[in-house]
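Every chain is named by a letter (A, B, C, D, E and F) in the order it is written, and numbering of its residues begins at 1.
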Amino acid sequence: MELTLALAIGVLTGSGVWLVLRPRTYQLVIGLSLLSYAVNLFILSMGRLRGAAAPVLGADGNWNPADYADPLPQALVLTAIVIGFATTALLLVVLLVARGLTRSDHVDGRESR
Amino acid sequence: MAWSQHLIIVPILLPMIAGAALLLIDETSHALKALVSLASTILLLVAGMVLMRMAADVPDGSEALSFSYAVANWPAPFAIVLVLDRLSALMLVLTAILGLAALTFSLARWHRAGPHFHSLFQFLLMGLGGAFLTGDLFNLFVFFEVTLAASYGLLLHGSGVFRVRSGLHYISINLAASLLFLVGVSLIYGVTGTLNMADLADRLPGLADDDRVLFQAGAAILGIAFLVKAAMWPLGFWLTPAYMAAAAPVGAIFVILTKVGVYVLLRLTLLLFGSPAGELTGFGGVALLWGGIATIVFATAGVLASQALGRLAGYSVLISAGTLLAAVGMGDASVVSGALFYLVSSTLSTAALFLLIELVERAREPGADLLAVTMEAYGEEGEESEEREDEEVGVVMPGALAVLGVAFGCIALLLAGMPPLSGFVAKFAMLTGMLNLDGMGDPSEIPGRTWLLVALVILSGLAALIAMMRTGIRTFWAPLQPVLPRVLVVEVAPILVLIGLCLAMTVGAGTIVSYTDATARSLHDPASYIRGVLGGSAPGQAPP
Amino acid sequence: MTHAADLPAWAALLTAFLVLVGAGLALLGAIGTLRFASFYERVHAPTLGTSWGTGAIVLASIVCFSVLGSRLVVHEILIGVFVTITTPVTLMLLARAALYRDRTEGEEDVPSRSLLRRPTVNVGLDDDRDAEAPSSRDEDRA
Amino acid sequence: MTAVILTWSVTIAQLMLVAAMGCNAYRLIRGPRAQDRVLCLDAMYVSAMLLVLTVGIRTGSAVYFEAALIIAVLGFVSSIALAKFLMRGEVIE
Amino acid sequence: MNRIFPYPVLTAALLVMWMLLTSFSAGQFLLGGCIALAASHAMTALQPSKPRLRRWQLIPWLVGIVLLDILRSNIAVASIIVHGRRRERVSGFVTIPLDLRDRTGLAVLACIITSTPGTAWIEYDHDTGVLLIHVLDLVEEDEWVALIKTRYEAQLMEIFE
Amino acid sequence: MEFYALLLIIGLPFLAGMTAVLLPSDSRAPATWLAGLTTAACLASTIWLYPAVSSGGAVRHRIEWVPSLGLDFTLRMDGFAWIFTFLITGIGLLVVIYTRYYISPEDPVRRFYLFFLGFMGSMLGVVLSGNLILLVVFWELTSIFSFLLIGYWHHNQAARDGARMALTITAMGGLALLAGVLVVGHIVGSYDLEVVLASGDTIRDHPLYVTALLLILLGALTKSAQFPFHFWLPNAMAAPTPVSAFLHSATLVKAGVFLLARLWPVLSGTPEWFTILGLAGMASLVLGAYLAMFQQDLKGLLAYSTISHLGLITLLLSLGSPLAAVAAIFHMLNHATFKASLFMAAGIIDHEAGTRDLRRLSGLFRYMPITGTLVMVASAAMAGVPLLNGFLSKEMFFAEAIETHADSWVDTIAPYAAVLGSALAVTYSIRLIHSIFLGAPPPESFPREPHEPPFWMRFPVGFLVIACLVVGIFPGLTIGPFLHVAVSSVLGAETPEYSLAVWHGFTLALGMSVIALIAGTLLYLVAGDYLERSESAPIFGRIQGQRLFERATVAVSWRWARLIEEVLGTRRLQPQMRLLVAAAIAAGAIPVVASGLGFAGSVGEFDFAFAGLWCVGMVCAVAAAHQAKFHRLAALALLGGTGLVTCVTFVWLSAPDLAATQLVVEIVTTVLILLGLRWLPKRSESLVDPEGLAARMRRLRDLSLAVVAGVGMTALSYAVLVSAAPESIADFFVEKAYSEGGGRNVVNVILVDFRGFDTMGEITVLGIVAVTIFALLRRFRPAPDTIERPEQQRIQRSYDEADPDREAGATAAEYLYVPSVIMQWMFPVVIVLAAYLFLRGHDAPGGGFVAGVAMAAGFILQYMAAGTIWVEDRLRILPVLWIGGGLLIAALCGTASVLLGDPFLTSYFRYVDLPILGKMPLASATVFDLGVFTLVVGATVLILIAIAHQSIRRLRAARLEGGRQVEEQQQWS
């Protein structure tokens, strides 16, 4: 499982980076989204992997941290997801406006070569 | 809990509430919005002053040098703590001053150039306050994002091709940097199991070898994120276009943004990689030093190559960023103290420049920039047909233009680091610190890179002088009948106040330097910070 | 899965059976999307999963949790209900969109608009022939 | 014994569902037409939902129910957005 | 009455939904009641065509039939997929002139037809009331027309009109 | 008391300068009085201070400035400083008187006097500062004020260029001086002048001595316009003549040699000092005199002669013998007197004859005999004619030049250079006199009819000339004691025996003087006419310093700078991104490479389903990356696939909250991007990036970057995943979540309580972004190719129009006729769902954020079902208010605890027994979460609807040709 997730993170990062280096604004948006998936998974993995141990406390009174997956990275990822959503939206709108003003969907507002 | 303790939350809470309330006020009632915004910013300044006094009153040798405020009343390191010490207090006051100046300036016209300017402005202040106060790595990320989000909004305030295009770059790069931030922070958490800076510093020495490697990787990646914000070469190309595209008041307040990156680097390098860090001591210092040097070189060239004043200003920001980074990279207390003085001085002056530019632009005939250079190239055979060549009577300078000219001159001196303004004291303090690490009369050998840095600091000043002189002469001296700029008092006042502060800094240099000295010393004593956060020992207690 | 032991045999077996049935239907549906030649045929495939595929697994879940909690836990029903309500919306809109696009591209195997204006009856032929529309005509306006 | 059967059947079911997602992914990538992609994305949502339910059964905890419910109630929103985009070239008119 | 409970059936349904989600307790009844009421009031703002349920006792009956049909066609389609192309099969479009006009009724019909593997709702012309569906395994087409008109449309018209 | 006198001397000029600015613009007389009285007061207090220094002591006082850096405001006046103070204030007074008549009445004198007095203050500061850094401060001030004074008549090009050049060079020197002083400070350990003067040996023996020397000399030589930095001085002649008289003869240019003399005891006596200064001095002496001969501009001639005389002084100082130092100091005074008088005379001539061109000037003696006489005497002094002060110091100079000090070739040629220089000086002095005053008046008469100037304008000249005479005849009685005080304060113990007598008998020095005089005269007789006609000096004239300077500055400060900026920087995004990625990779890699990465640790069992799941996920991701360029919709769908897999992963890894949140965000994001796609039309094939090697290489590079980044992330995460988990602060959260946080869902308790502060910031971000988007789109102008309806709508419209019994838009209505029913009935369902997710949040997966986005999705559903206008006729949503309200709720909920005396955001919770509901947990955190919910609904709706509104705006815009239509957005604010 660890290996799978590590590879997944790697592939997502790779595709994201590739797109982020492309010249079209839309590629940028997709790339950053992929990257934020990768980063979210990365953050989650920093709490190590636990199946079937959701940090939702059972009824019984004694709660042993060892029985639950690390809740902190989950909280961090939640924040990251929200912020990621916000910034993706902003970037999208900015590139729309940019295209409206520059007539081009090149990240530099003009065809470079 | 004493009321004064709660004061620590004010720099974050006040602008937040103000910003939110401003959203509820109707778009059309500009006056009311301006009033609320202004009131909040003034209160912010007051609060900053009080906090500064609090931080400064802590006697030097005492056990803990920082106040910590556990948000949500959970014990550190589990809770998010806000930490107030001399450094954060200094940054808060600086922010408030800049904010007040920029805001006042914007009241002339900019705050009506688009919706919700004041809210965004307040949120920016909130983000800055949080970034300077927080003692928690992830919370730092959150406040970085608040700051950035607000800065996106403000940068795009007023729209227009140039703003949007440079905004697109600015946003993209900062998004990428934020992702790196997350990777760094989470990696550090994954290895050390904590997010609290003090706790982190506490745990580092006990790190296993494999973990230390991972930690270093995390810290380095985190560092990249900060360096992007601090605009170190080659990660800072976004800065100049963005800042020159921004509206004048926005550009002015943006000057503090790069300083956030520098602040964090200073705070963390000294806290985590200070002397007690064992294996990790001095981690990354060399990179910062050389990166800073490279930044200075590039920015100096940029300053000289700039035709538009806005670009010049942007590169001046880079110069100061590079200088500070290099100073942080050297890391010695004497240098840091000087660097802090320089930070304040350069921030004030560059901000003033950003405000001034707009007014000056109103007084220039188009294309003056280009002329300024070509005329210099062929200055001798400059055709003087229209000029009253041999008229030996001085021309009367219109009042407004004269004021702008004086302000321009002062800023030129500040950037060049020439007397009598604080720019000189700042550079002198930094240089004398570099040459005498253990105070005056320190006989130790001076390494080559220090010489290089000294030379660059001085030469960058010269470059700024030449560039500013070129533009200044072209703007204020060359035109026969100068364009009379329409300038409002609310626009000039903040500029003059900022310059006045620089003058005051020169006169009161002794006081300020003693403050920065104490700050630098406390930064080099991580234990006191850790005690202040974790030890629960209130500041001011004498060591047992 | 420690709790599996807590289940009585009949419940365990029933759950197992239902789960397998549900998953199997879903898989068949998915295979269908691969096998069917034209879009209009592929539209049918997912409904295997959305109808009894979902139903079976929901039932499995109900059985499992009811027995485990020794009280009737039926809130999974809602999942079935909402899937049944919402899936058609997607499929309707999608099919109509496909129809429009085929018409505008002059696809002759799709019934013309006029059919619905003057009600008559028409039998489309087996349209294996228009398998795999050439991807050159791949549109994605974006 | 029965526990083992249950465990295994759940595992197998999960593999089948993943396989289903795989089939959907194939069409998602190959198309040929946009409508095929949308169709398969929607199908994928359902498969994912079922997968979540099986996870719930496997772990015997009800905490994953919300996720499944959200897919059931809101999963179709993005699908119809895509469909409408194909039909009208505009999601909201 | 109408102003307090604009959509009684809806309100009830939502309440049931709530209690299914939480628990069947007095407290949740109250809480869910408030929420369901608020939700149905929000609905009034959208003022959709308000269905009049005549003979709602037919609903369970209809549900029963449909579930059964769906089950059958599940098996049918499954077998088709399993056998693939080895078995000769004709799929095609069928146009059905509908008499059902009530939008809600049509919606339900759409759900039935679409949820049933093997039939897909393609297009409906509300001027002429003609429905175009696609049938996966088209043996005899009039059968389909009859099936849908008698088995479903009739019931729905009884319920909704 | 003495100290206050010092303060007065320095402070008064600045104060007066400030007040001068406040005067009305046409106030020549009052300004003159102000300046005059100020200077007089300074002069008076200087004289009053003489007793205090005459006995060899020094008046010294120190005000702390920045003690920790060794920078103090220390004023120190010893004999040497005194005599310079006297010189500055004295000549200053004369120049003020002169200026009164020189400056034209309509000149706005305020600025002039501000600069003039400011300069005087700074110059006095240089002379009187007792701390080297303070000296540098004033030093730079003099540069700045001289810049302003040279550029006073900035309306003409020459003034601007001269000023710029002067400042560039002197400022450069000043910065060098600063560096030098810093080095000295490092060596000595103090910047205090007395400490430095006391530690000469330490400095000379220190390895950094040469560095310090070079830097300081750079400062001094630039300031004193010494070769090779001399050329700024002639260009500074564009300044008003009083400025030239004061700055460029008596004071500013003397600052350099003053400094050399001041630090003479510390720095002199080494071969470096001797060689560098000797060469610079000699070169300036000869070259200056040579070029002076060829000048046609009177002031130009004087300027070059100044360079020459300062060279003489430099040469003297270089010799390093006490006697030479005496001579140097003596010549400083003499030169000041005669050169100032000559400059002022030049001004008079210019005024009277209307020109300064020696070729046009002639026979002026008959018009202005008195002035003529004065000029002749002063020029004689300049030429070193006996019985004049210039003779005396030049005599001493010759005497010293003969002496051997360090036998090097410099030393050997020194006497010849001395004679040559003096001979040339004689030549240009004669030329000056002859060309202007003697001979016949020019055929074409002067621009104006020249006559004697008013008495008081001539008075300063006269006064100084008389001084030259008196000193020249009775040196011992007049200047003697003062000179002695000055000299001894510099040389201290090693003050030599010297006599100021006019006649020392037939010495070799006298012979040299005679030779110089004769040679000079002969040269003029031979070459006089040639000089009168020459355009520019042969050989050296070709080398025009300022032209080289200009070219150099342009090259360095412009072309090279541009080049560096081009090479080291970029304004394009892709390279920046590339650099960022590369930097990140490097940052992550270097520590790992440095000390290896261990993968030792426990690995969980391999899960095939999970692996299969991610096969799907990865394929989708890669495909998305591949399709994103031309098949945007496909890319979007594939992205959705990856997102879905991520959600399932969250479930798999026991993070139900994440799964829920990711799902709703996923859905909303898809809609969002689709809304955006409407404004990004079909990718035209014309934009295909060029094929070919370069492009392929670029892609290869990017691809490798991507791969490396991916591998890196894999390695990092795997290394952490297999390593043992550290003791984490998270345990605390699990333990306290229910007992003290009052919630079973730990993640949610962290979000609203333990780390609620993060959440507060995060929702602020969301709010900010929403508001920003709203603001941005209010000004939105779509690109022309997107302005008309999408293709589909046009086709369907045309179809509807073609059909007689269908109204436009029927297809659209029909399309949604049945589905919209279901979509609408889902609305209340979504509301209930949101309520459920919200209320359950604290104990089960859910919470304000998920609920909020779900609610927003409900709204969007309605918009899709029935269109913007239809919905907004029925639902009045005010998202901005929701945002503001949500933030306020959150903030105030946090503040409440402060009022209760607890830290911000402290949450309270207890079980309360409600009548029917029974035992219910009430946590104040829920209120906070309500704030989150409210904001999220507002923000999400605002973001999506703001974009959706563009479609309507487009229609309206199309209707009233692009008129600004914001009212339908107004309701959103």
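Criterion: a contact is a pair of C-beta atoms (placed from the backbone, for glycine too) under 8 Å apart; a residue touches a chain by one contact, two chains touch by 3 or more.
Just so we're clear, the structure is a prediction, and the values are computed from it rather than from any experiment.
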Intersection of the contact lists for subunit E and subunit F: C
Shared interface partners, meaning chains that touch subunit B and subunit C: F
Identity of the chain that, by mean CA position, is farthest from subunit F: E
Rounded Å distance, subunit D centre to subunit E centre (Cα mean): 22
Centre-of-Cα separation between subunit D and subunit C, whole angstrom: 10
Geometric centre distance via CA averages, subunit D-subunit A, whole Å: 20
Cα-centroid distance, subunit B relative to subunit D, in whole angstrom: 50
Overlap residues in subunit D, where contacts from two or more other chains coincide: 14, 17, 19, 21-22, 24, 31, 34, 38, 58-59, 62-64, 69, 73, 75, 80, 84, 86-87, 89
Sites on subunit C at which at least two other chains make contact: 1, 29, 31, 43, 45, 50, 75, 78, 82, 85-89, 91-93, 95-96, 100, 117, 138, 140-142
Shared interface positions of subunit F, touching two or more other chains: 571, 573, 577, 581, 632-634, 636, 652, 654, 656, 677, 680, 683, 713, 716, 720, 725, 728-730, 733, 755, 758, 762, 765, 768-769, 772, 776, 779, 790-792, 796, 815, 818-819, 822-823, 826, 829, 840, 844-845
All touching chain pairs, where touch follows the definition stated at the start: A-B, A-D, A-F, B-F, C-D, C-E, C-F, D-F, E-F
Footprint of subunit C on subunit F - complex, ascending: 630-634, 636, 677, 680-683, 790-792, 795-796, 799, 803, 815-816, 818-819, 822-823, 826, 829
Residues of subunit A defined as touching subunit D within the complex: 51-52, 54, 56
Complex contacts: residues of subunit F adjacent to subunit A: 571-574, 577-578, 581, 603-607, 610-611, 614, 617-618, 621-622, 624-625, 628-629, 632, 635-636, 639, 642-643, 646, 649-650, 652-658, 661-662, 665, 668-669, 672-673, 676, 679-680, 683, 687, 689-690, 702-703, 705-707, 709-718, 720-722, 725, 728-731, 733-735, 737-738, 744-747, 750-751, 755, 758-759, 762-763, 765-766, 768-770, 772-773, 776-777, 779-784, 786, 843-845, 849, 939, 943, 946-947
Residues of subunit A defined as touching subunit B within the complex: 20, 25, 28, 32, 35-36, 39, 42-43, 45-48, 72-73, 76, 79-80, 83, 86-87, 90-91, 94-95, 97-98, 101-102, 107-109
Parts of subunit D lying in touch with subunit C, wherever the complex brings them together: 1-3, 5-10, 12-14, 16-17, 19-24, 26-27, 31-36, 38-40, 42-43, 46-47, 49-50, 53-54, 56-60, 62, 65, 68-69, 72-73, 75-76, 79-80, 83-84, 86-87, 89
